[in-house]
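In what comes next, chain A is part of two complexes: it sits with chain B in the first one and with chain C in the second one.
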Partner chain A sequence: MAVIEIKNLSKHFDKVKAVNGVDLAIPEGELLVILGPSGCGKTTLMRMIAGLEKPTSGVISIGGLDVTELPPRARPIAMVFQSYALYPHMTVFNNIAFPLKAHGKFSKTDIKEKVKWAASILDIEKLLERKPRQLSGGERQRVALGRALVKEPKVLLLDEPLSNLDAKLRASARDSLQRFQRRLGITTIFVTHDQIEALGMGDRIVVMSQGKVMQVGTPQDVYHNSANTFVASFLGSPGMNFIQRDNYLFGFRPEQFVPQEIADRKDDLQLFSFAVTRVEYLGAEQQIYGVVEGSSDEKKVIASLSSETNVRLETGKTYTFAVPQQQLRFFDHETGLRIEPQPL
Partner chain B sequence: MKTPTRWIKRALFYGVVAVFCFFSASPFMWMIITMFKQDKDLYRSANNPFIFNLPPTLSHLDLLFNNTNFLVFMRNSVFIGVLVVIITLVISIPAAYSLARLVGRWGERAGIGIFLVYLVPPTLLFIPLSRVVVSLGLHNSLWSLILVYPTITIPFSTWLLMGFFKSIPKDLEEAARVDGYSRLTSFIKVIMPLSMSGVVAVIAFTFTLTLHEFVYALAFVTSSAQRTISVGVPTELVRGDVFYWQSLMAAAAIVAIPVGLVYNIFLDRLVAGFTMGAVKG
Partner chain C sequence: MDETVTAKKKWTDGFRFWSDREDLLGPLFLFPAVVYIVALVGIPFIIAMAYSVTDVTAGNTSLDFVGLQNFQAILKTDQFTQSLRNTIMFTVVSQIIILVLANILALILSTDFRGKWFARFLIMLPWATPIALGTIGWLWLLDSKFSPIDWVLRYLHLLGEPAALLGSGKNLYYLGRLELAKASIIVIYVWRMLPLSAVILMAGLTSIPQDLLDQADVDGAGFWRTLFQIKLPLILPIMSIALLFSLIFTVGDMAVVYVLTRGGPVYYTQILPTWAYLKGIESGALAEGSATALFLFPVLLAVAIMVLRFSRRTEVT
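On to the complex of A and B.
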């Protein structure tokens, strides 16, 4: 059964449609990632689920209860803010205990026990007497998570919780956050603009753009079977290459676009004549920029190759590149939506 | 090589500090010395004014406490001060918070408008305000000042506190609301403790303003028993062309020194309070 159900939810700020007719159902225990570029409405969507933003129209229900009109404190949710929003004048202990003190229904010993429990899962027992300013970024993140967990919410909302960590810490934080979510089995919504976080952590991904849901699906689904050109070009770095033909577009991922010599011969290959304009060395891989001859718009196309490959490519020369037929994706020229394969 | 330059730097630093200390402390020293001086010592122009040429005396303190209404003035001033502080806090805290958070861009403009009100001088306002005071039947009463002083203190305090509330990230109170608190309780539990510097600055500003304010106190209150220190002391201790200098100094020192001490205790918070308001307001 779905823990959260969102029906036709919209939020308009004056003329800006921040969220525009979103429908979502999130089953129990799922880690759902909302992914999109900044300004796509993902944070507004999360804030509406939290109750911090009042929807213009639509319905949100959590655990079967219609919460659309309820204030945040009446919703069975907890949230970790991008800035962590730890209370600077309180110790870590008091920060974590703060949600428990809200209703006055827990005794002092209960509070102590629950804080200890949250601190022990997050491995921050030694920090309880410190103030937030004495903590590192990773420790702050765990304290914020502890404060969210201690009231045992039905739904955990995470607003870009990793974006304030430095790059090296982020990989281990992704891992620990995901394991932690699995262990507790808590339904989690994770907002991010980072596709690595989304693809690496999500059970399902919601890709948003301009207030609308572009696609909902597993990481494999949204990456390999993108529903439209936005999703296809947003995911992957670099995103999908598109080439225009008559009244449709076809596309392929840069890593599928390889010199004919090293292409897998068992595949049914589509060959292109590729004029290389620039070779960019990026350590483990190299990116080859160029133009596919015979395409009607002469747009730049990128190929991602391993740096270890034997084929030498030089700027200004033309090579034969190949893409397996089954890796070609076709989209409508007008709407950008995925269509059936077309004859090339 | 390093040590001599460090010594010079230190000497310069403490030299400048010493000059400032002398500059701010010498009036107090002079006041304190003068209040114990005999008339014969004070009025001889050949005497050094900064030392006791004749033995000190307590007779001027006796005059101040026993032959003037000084204690009544003090009580009046403290009474007015405390009440005006309370009124100012009760009105300016919610006003500043709502202007900082709830009204959006109009809040900023309204805040500037409110601050402009503070810039209208009392010398211009006391005539219209005296009509208000008279029509309310408060003339010649302490309550007229309790009514009028907030017109100066509230605009300034609102503006000062606005800067404070704006500098506190919205995330913090939203976190409190998600954590199970209402808007009001999150304000009390999270925003207020973080704005204490601003509140202390408002209390200090308001209280000292009511202590030294002169124009309204002179215009609205005439009976001696209702006067404040700022008006009462000069009217009772300047009789005709006779200045009771020693008693005047004593009155000034007795009021100024406790205020100065309190300022020093809260100095860090006050500096934080006023500069924060100035930068973020």
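On to the complex of A and C.
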């Protein structure tokens, strides 16, 4: 059963349609990632679920209850902000206890017990007497999570919670956050612009652009069966290559585009004549820039190869590259939407 | 070679030369301020300290050291003790009222509403008015016969009729009745200092990150909890600075009492600055006047140090 149901939700700021007719249903216990470039409306969407923004139109229900008109405190949600928004004048204990005190129905011993429970889950028991400014980035994040969990919300909202951590910490934070979410089984919505976080953590991903939902699906789904050219080019780094033919586009991922010699011969191969213009060495992999000859628009195409491959590629020469037929994707030239495979 | 010489010459000419010489510009720009402070604050302050421990008067300007005799002498007069009591009472009461009202005003002004810039402008007016002129305006408002306030009260049937709430007399005589005179002085102090405190607090409130307020909202805090547990603690350092400013302005001000009541009725609304002025300048008792004026200096110094330390310690990052 869906814990959150969003129907035709819109938010317009004057003339800007920040969120424009979004429908979503999120089942219990799911970790849903909302992914999109900055300005796509993902944060506005989350703030509306939290009740911090009033929708222009549409309905939000949480746990079967229509909360569209309710203030944040009347909703069974908790939220962790990008800045963590810890109250700087309170100790960690008081930060975590704040939602319980605000609730007003817990006794002092209850509050103590619940704070201890949250602190033990997140392994921050030793920090309870500290002030936020005495904590590291990772510790702050855990305190913010503790404060969100302590009131046992139905839904946990996370707004780019990893973007304030340094790159090395982020990998372990992704892992601990995901395991933690699984253990508690709490329905979680996670907003990010980082596709690695999205693909690595999400049960499902919502890809947004310009206030609209582009695609909803599992990480494998949105990556391999992108619904349109936006999703296909936004996901992956670099994104999908497109080549125009007549009235449609076809595309393939850079890692599927390999020299014919090393292509898997069991596959039904589509061959291209590829003029290399630049070879970029990136450590574990190399990226080959070039142009597919015979394509009508001569657009730049990128191939990602392992640096270990024993095929030598040189700038200025032309090679035969191959893509397995089943890895080709076809899109409508006008709408950008996925279409049935076309004859090449 | 020639080119570099002319370029160098051009560089060292006039404005460009000066605008690059921080070592000369710094002292130059500071000079007027230093002269002002030394001549109009420093020297008079040192002279006052010297006078307060001598027997100098306007008629006999020789400085003979008498120790703390002047302080002992003024402490024995009723006028001085009354002035001291009034100074403390006016200050404490007005600061409490200012603190409460300034917080309310700052909360209202920091919200978004139509015409808020005009409202902010209006609120600042008392602070922009010269204090003596403002007080003269109040003198008219509180006039014993023609007070417009009395006129309004009479119109509302609260005054000047048999069994009226505020008495059957035609006027309240604000400045002629002791309690009303004291209340009037406090009201004017509040009127005068409220804008500055409110604007300082407003700046503090608008500097609270929106994330924190949103978080409090999500955490379930209502208006009062957010106010008392989030907003006020966060602006406490800035509030203590606003209080210090307002406190020092109020303790040191003599214009309000001097224009409004001249210390009357009798000497019951006298404060230390007016009493020091009457004693030292108008009656020529320079030594006792100085002792009166300096009497609260150690207390104020201690308060200032305490407040500044407090605001630094509670500063949150």
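Here are a few things to note about the model shown:
Operating definition for what follows: the second predicted complex is superposed on the first by the 344 of 344 C-alpha atoms of A that agree within 3 Å, B and C clash if a C-alpha of one lies under 4 Å from a C-alpha of the other, contacts with A are read in each partner's own complex, and residues count from 1 in each chain.
Methods note: a contact is a pair of C-beta atoms (placed from the backbone, for glycine too) under 8 Å apart; a residue touches a chain by one contact, two chains touch by 3 or more.
If you're wondering where the values come from, they're calculated on a predicted model, not measured in any experiment.
After superposition onto chain A, the partners chain B and chain C occupy overlapping space and clash.
When both complexes are overlaid on chain A, the residue A:83 reaches chain B and chain C alike. In the superposed model, A:52 lies in contact with both chain B and chain C.
When the two structures are aligned on the shared chain, A:292 is found in touch with neither chain B nor chain C. Look at A:143: by the touch rule set out above, it reaches neither chain B nor chain C.
Once chain A of one complex is fitted onto chain A of the other, the partner contacts of A:133 are limited to chain C, with no touch recorded for chain B. In the superposed model, A:73 lies in contact with both chain B and chain C.
Comparing the two interfaces of chain A, the one with chain B and the one with chain C have residues 50-52, 71-73, 77-79, 81-83, 85, 87-89, 98-99, 102-103, 147, 151 in common. On the side of chain A, the complex with chain C involves touching residues 47, 50-52, 71-73, 77-79, 81-83, 85, 87-89, 98-99, 101-103, 133, 147, 151.
Contacts from chain A toward chain B in the complex involve residues 50-52, 71-73, 77-79, 81-83, 85, 87-89, 98-99, 102-103, 147, 151. Chain C makes touch with chain A in their complex at residues 209, 211-212, 214-222, 225, 229-230, 233-234, 236, 314, 316-317.
Across the interface of their complex, chain A is touched by residues 169, 171-172, 174-182, 185, 189-190, 193-194 of chain B.
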